[in-house]
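Take a look at the structure below.
Chains: A, B, C, D, E and F, in written order; residue numbering restarts at 1 for each.
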Amino acid sequence: MKNKPVCYVPERIIPEVYSGTPTFLGLPKISNKEELENFDIVTMGVPWEGICTWGSYTDCELSTKTIRSASARYGGYMLDYDLDIFDHFTGGDYGDCIVQNGNYDVTFNGIKEKFGEIMDAGKFPIVFGGDHSISNPLIEVFAKKYNGKIGVIHFDAHMDNMPSFGDEKLARCSPFYRVYEQENIDAKNIVHIGVRGPRNHPDALGNAKKFGATVIPGMDIKLNGWKQAIERAIEVASDGTDAIYVTVCSDILDIANNPGGPPDPCGMTSFELAMMLHECGKAKTEAFDYVEIYPLEDKANVSSHTAVWMTLHLLAGVTKRKFNL
Amino acid sequence: MKNKPVCYVPERIIPEVYSGTPTFLGLPKISNKEELENFDIVTMGVPWEGICTWGSYTDCELSTKTIRSASARYGGYMLDYDLDIFDHFTGGDYGDCIVQNGNYDVTFNGIKEKFGEIMDAGKFPIVFGGDHSISNPLIEVFAKKYNGKIGVIHFDAHMDNMPSFGDEKLARCSPFYRVYEQENIDAKNIVHIGVRGPRNHPDALGNAKKFGATVIPGMDIKLNGWKQAIERAIEVASDGTDAIYVTVCSDILDIANNPGGPPDPCGMTSFELAMMLHECGKAKTEAFDYVEIYPLEDKANVSSHTAVWMTLHLLAGVTKRKFNL
Amino acid sequence: MKNKPVCYVPERIIPEVYSGTPTFLGLPKISNKEELENFDIVTMGVPWEGICTWGSYTDCELSTKTIRSASARYGGYMLDYDLDIFDHFTGGDYGDCIVQNGNYDVTFNGIKEKFGEIMDAGKFPIVFGGDHSISNPLIEVFAKKYNGKIGVIHFDAHMDNMPSFGDEKLARCSPFYRVYEQENIDAKNIVHIGVRGPRNHPDALGNAKKFGATVIPGMDIKLNGWKQAIERAIEVASDGTDAIYVTVCSDILDIANNPGGPPDPCGMTSFELAMMLHECGKAKTEAFDYVEIYPLEDKANVSSHTAVWMTLHLLAGVTKRKFNL
Amino acid sequence: MKNKPVCYVPERIIPEVYSGTPTFLGLPKISNKEELENFDIVTMGVPWEGICTWGSYTDCELSTKTIRSASARYGGYMLDYDLDIFDHFTGGDYGDCIVQNGNYDVTFNGIKEKFGEIMDAGKFPIVFGGDHSISNPLIEVFAKKYNGKIGVIHFDAHMDNMPSFGDEKLARCSPFYRVYEQENIDAKNIVHIGVRGPRNHPDALGNAKKFGATVIPGMDIKLNGWKQAIERAIEVASDGTDAIYVTVCSDILDIANNPGGPPDPCGMTSFELAMMLHECGKAKTEAFDYVEIYPLEDKANVSSHTAVWMTLHLLAGVTKRKFNL
Amino acid sequence: MKNKPVCYVPERIIPEVYSGTPTFLGLPKISNKEELENFDIVTMGVPWEGICTWGSYTDCELSTKTIRSASARYGGYMLDYDLDIFDHFTGGDYGDCIVQNGNYDVTFNGIKEKFGEIMDAGKFPIVFGGDHSISNPLIEVFAKKYNGKIGVIHFDAHMDNMPSFGDEKLARCSPFYRVYEQENIDAKNIVHIGVRGPRNHPDALGNAKKFGATVIPGMDIKLNGWKQAIERAIEVASDGTDAIYVTVCSDILDIANNPGGPPDPCGMTSFELAMMLHECGKAKTEAFDYVEIYPLEDKANVSSHTAVWMTLHLLAGVTKRKFNL
Amino acid sequence: MKNKPVCYVPERIIPEVYSGTPTFLGLPKISNKEELENFDIVTMGVPWEGICTWGSYTDCELSTKTIRSASARYGGYMLDYDLDIFDHFTGGDYGDCIVQNGNYDVTFNGIKEKFGEIMDAGKFPIVFGGDHSISNPLIEVFAKKYNGKIGVIHFDAHMDNMPSFGDEKLARCSPFYRVYEQENIDAKNIVHIGVRGPRNHPDALGNAKKFGATVIPGMDIKLNGWKQAIERAIEVASDGTDAIYVTVCSDILDIANNPGGPPDPCGMTSFELAMMLHECGKAKTEAFDYVEIYPLEDKANVSSHTAVWMTLHLLAGVTKRKFNL
């Protein structure tokens, strides 16, 4: 693409998606629906935090700003694969959707409208949360596009498949119960990968089982390696589907590698996640979200930088697939 | 009021305005327009940050959360005046308006709609920002209600009366230029008080002069005392008007008293501001906003606690006036 | 005294009261009751936090360490009065008393035993808290020594005179209700000075009135000056008594001057408090405590440094009185 | 057990062990010796910091609070093993023992008395420090119960087996020299595992050799895997003994996984430690302590969260063993 | 001047004095001695920290960067006086001098060479430290230019007039003893103003007296007002001299107003210091230094912002004097 | 050596290299060129930050202080190898070289002069940066000594081999382009190891290829193990050379293991780097630098502690080689 993002270029001009916040990677800003035409890969943000399920974790609505700020440090060239994503794709940043604190209706409509525009235009979306509740409306829109023939690979320390949190069915611990229930999705193509530890409810495995979803615990990845784990996940998500939706909660990573995330140890390193996302990209992934970074505990924005790397490893995989590299 | 906010009551139940965030002072949550009827004093939040005029100051959209969180420590009883605001008034919290990062249109409409509902219901509004740009639509709605017969007392280190910031006429350094221009407002009833220091543009005094607004610099308050200063301000704002709008940028305070604010020294102490706001309350103030707290630099939320105290000193003045105490 | 604490002496050896923590001002360590004989002024610590009345304020048990750590920066010479406290007095540090988290009985017995030893030996005690509940047993022991003929000057933002917190009568919001009730103390000699703001219960003034205690609000100090305020306080506390007990909650200070304290603005500057404590020292003060510093929010230990200065200003007053300087 | 700890239950009521601090996992509070009867697993805290051997590491007495605070986020269900500890065991929190800063006698008696009550009642104890010196009296009481037929597995970056620190034989660098010397313990059943790096004294290996203790360096674990290492450790500790005591210094973990610990890199990941502790639980472990977390450098309490996970992985192993799961 | 520094100008280009650090106020960079010709006011930095007299205060060599970074927020227009310094003067930034950690010789030669060039060119120097030891060589060069007919006004919490620190005569607690001794300076024209508190050595007042220097304690300013104090100081410093050197240690300010400074309470507010410096500017001040800001404890760089304001208040006074405004 | 550095020795006296900063490991201070004779291993610091290539990373000039401060916690005994470096070698600290902010000439001359003295004396140098630009003059001096017959092993996340940054050929992203060009060095003996991620320029691999340097990406180490990777690196660097220069940028480590470094995930653990450096030491390494630690984001100085461990692992390898252990 023209003016593709390249690092170590002091004269590089990095546009703002809104004041004080650069666009993702310094890509062009997309100001309206019509401009979507010009871009293959499109970023949007969902600065939303709904129900808090654990009090001291709050403010993940800030991360649509911090991920973009971190991203300005980078280009699209991945030395690791000797491949520049933006030699092959164009990309742009479509800003954040409408939100209202405390109001799921306004916010989920905001998500569906903006994400729907990207889907309608046939683009590859990258969505930054916000809390994990947003994957529910996102996947709903995504499934519609593919007539429900989709797989979902869900990277997380937690199953996020509770029927509700108290009375609230849209809470961040429940999106995958909602997805299980979506009529045109077959839960047999859903994989929860990396789950672990005592912040999971005793019903979590049972809920997955009831709907036929697959679980690959974190312990399996650590003991037997990331390669076999992601191969199984892709197999399940691909079986009879046309496209895969990949959703990442930052706490799939060990808290050591994700200081701005929920404090869950015994997790993946950033390298292990990068490799698994790269494989997803090489498989038929067609949409991606990355959620639940809490910048307030992470002054150096390490988790936001890591989110950028993870996105680029996935996109490098997509590039290889689409251009047979 | 029933269940009025009282501190040192361990069994006190503090409602949430949305998950993770208590209502202001633990007052009842107002869920819709109809419920406004039941309350005299109504809080709303504007979690908005538009144009950044100085890069490292960002994230003031977070403070609608942090001010409310701080407020849960307090009741409405002010020992200083031996007066309990909620022996006389009822109060509630109406939540935050709709916003979209980067989009003044969506956000200002959100402000005007929600604030308009409070005005239409005839209630006393307390608005927490957000950046100072929000005072422009707020005052527009307020003036409409009073057919323009309003005064404005603007506490700030900065004049915020630039014609624009670059091309952007709605930026946080420009709301009072916009207010000067509003047709049904007489700028002669506008007072800028507490302004000081090298973060003011050379045209700032000239712009005020051109429209006839009054300026009472911070140096005047420090050298001659807060009492004479606020008396003059009230006189100007009251002259021929029916109601006063009071707007406070946190940096009227010295940075020592406002660690979550812009770094402006040589300012007021919290005591001086409390006294001035109390006098405003005793005069014909009918609406109040408090803006520009940046929680990220202020881990103990001192600026948010201070915002609560300032609001209560003003409301104690309002109580005295309306009930002849 | 021999080896008196003097600053800017690189070869000065500062003893530890226990490992990792210097003695107060680097004075000698007092290892047992018998050694009390050798010292005029004796420091002790009460690393105790009982009932929390506001959740986010916790960890004040740490400040017996942080105040001593800060104190090692100083000597006993006060340039302001051109007077060296330890040219006239000897001083030592008697360590901390026994405590058990959650157990008022063990802890208050620990306080009374160690403080009783200092009182029995006829020494001038300096006690560092811990939370304000400790003043209750301390004053009980102090009153016994003087057959109840004591006055109390209580510096605080809060009255701390609730009958109980829930069922707990020994909580930090209640010590002065307990002191009111002590049989051999006349509450008419108790003064609450500096109280202010919305973190006071509506009954606070009434409780004081019922027992005949005097209240000098912070607003009175700010509006009319510290000099007249402390003169009145001393007059009340001295009337018919043999000795005055001075107790300071750090939040008498403005949060700007006390970043490790409860977040109460509109308070005193450190200079104003220093002057008032100096006057107390010049009057018949015979014991002193300083409580409620929360080091976790105050990485540079500013509140602990300030506690040292305040103590020295008071002791300089005591020196003047006892040696007619 | 009744009211067993389960996460994602918004109405769950979490008791306090003392004000401001929840019980471990929200288990019932045990108020006195008699109530010990009702519980299988019993937590106690030792908020003690004795001699500092490296100045800038201090305040580990705070962690009996921070570990419990972190634990309230979790339940006893471990998805990793699809096993709920409290389906099989009951558990409670017995609070903290008596301590006095600077006084080993008072504190070690406090430890032995409270820990002795748990041992006498025949319960499985979980002890949170404090510094590592506490393992000395704890193991003394433990050995008494088993007539000395015990093994000890000591996870640490450091040998902690110096004869003394200066003159102090009870310092945190010396507990295992004291344990070597205990008459009814055979040092041949003691294993130091995970030790590494330049914060070990040249005599450390020699001291172990002299008494016959086994050393499995961290480098061995990293190069050859955790599985063979812990198998050897268990073999040594089990040989001819009736029970194993497991003691963990947080710095067995890499500083990356333990930001509130001493800054020792090249260590274990939390996953590796979790696996090794789980194996210990499956072997005949009958008591467990976890020490040396310094919360002041770790605002998000990551090390405390990790301590909870480690404890639960061990307890899951104990559950498997005792119920043949 | 051309391109004078004005704030709220989004297109303003701020040059760097070296990479990552803007010039002071965004003034032009002065690259060599010859370019000094073009500027009236010249800034230089001394990133030096010599002997530490109190261990935990270190890293003041960083503040030549942080003050400049803060300054980029401002213009030279002071609304308080309705005066723009750079309507009358030109200014530039001459960078930092050569330093070597631990080496007074290299560093003091570096200071004298660079400062000498500014003096030789007849310019008004603004020097940012660094620790207070640097005022010694600076004043030596300044005195030479005026044949010793100079006065010195020294704002500080501490006298900094010890004969030495241990053997080191150039330490930061000793510069004014060195200045007392300089042959061509009359110590009778030296004023120490603002000194206070227990971090002063018992000999401090005696040393001043021996050489005839004047002391105006901080307590005098607080009790009797800044106006009379600075008038006396200027009178003493002016008496029979041709020029005044003004040197400010940041701890003249209260720690509340100077969070990046030594923790000295009971000090001046920023407003009080601003007023006093402005009066100095109006008197015959011809050089200025500002030292001892420690950025590591002051993440928001409040002390650095304050240093900029203080400098501008002084320069506004200089402007009034030189242009009879 | 006499007085060799040993930990857990409370009476150990740690000298300062300059005030406030201990010597590396508490080794003797080397005050001048002549004293170099007495030491085998010599430390020097380069407190320099030149061109910033990414704005928010600044202040690495501080790390010559923080690494030494951290080092005082350790001795030279490595339990891991049961080997005490200073049983075989003597060592000393030669302080920091002359620098001037913004001036490459002054600083690089300072580097070359001081490093040249160490080389001329035939000692093993350990150099702490500073930014990576310093390796260019260091390697120039090193190569001269060996008539160019040297290899270079460069550990880094980034290639640092750009021809320039804008016009600046000496910037931190360019040192290895400069080394490529040095006449008497054969670039075929240069190895870049550990490079990875999107903060590398598209030309980075091509530049290496053009000059014949070898690249071993981080992904290769993670996928195939550190052992084979470092063996290849040593082979390349040894081929036909007399000595190897090892240079480490801290970001070869994962940001999880290096919180004071640039935020690059997917990197090495400290254990992996330790092993690789140990192998380098066992091969013919004759000089070592470690650069780019940014202490401001790393309050506990974890990165500095890690730098000390890494240095000791390398030195243990050197000891084995030179004494056939």
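Just so we're on the same page, contacts are C-beta pairs under 8 Å (C-beta built on N, C-alpha and C of every residue); 3 or more make two chains touch, one makes a residue touch a chain.
Please read these numbers as outputs of a predicted model, since none were measured by experiment.
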Shortest walk length in steps over touching chains, chain C through to chain E: 1
Fraction-based call for chain F against chain E, same above half, different below: same
Whole-Å gap separating chain A and chain B, where each centre is the average of the chain's CA atoms: 38
Geometric centre distance via CA averages, chain F-chain D, whole Å: 38
Chain centre separation (chain A, chain E; CA means) in Å: 52
Where chain C touches two or more other chains, by residue: 254, 256, 259
Chain-to-chain touches, reported pairwise for every pair that qualifies: A-B, A-D, A-F, B-C, B-E, C-D, C-E, D-F, E-F
In the complex, chain C residues that touch chain B: 53-54, 159, 162, 165-166, 173, 195-202, 204-205, 217-219, 222, 254-256, 259, 263-267, 297
Chain A residues within the chain F interface of the complex: 6-8, 10-11, 70, 73-80, 82, 84, 254, 256-257, 259, 269-271, 274, 299-302, 305-306, 308-309, 312
Chain A-touching residues of chain B, taken from the complex the two chains share: 17-21, 45, 47, 49-52, 55, 58-59, 62, 64-65, 95-103, 106, 110, 296
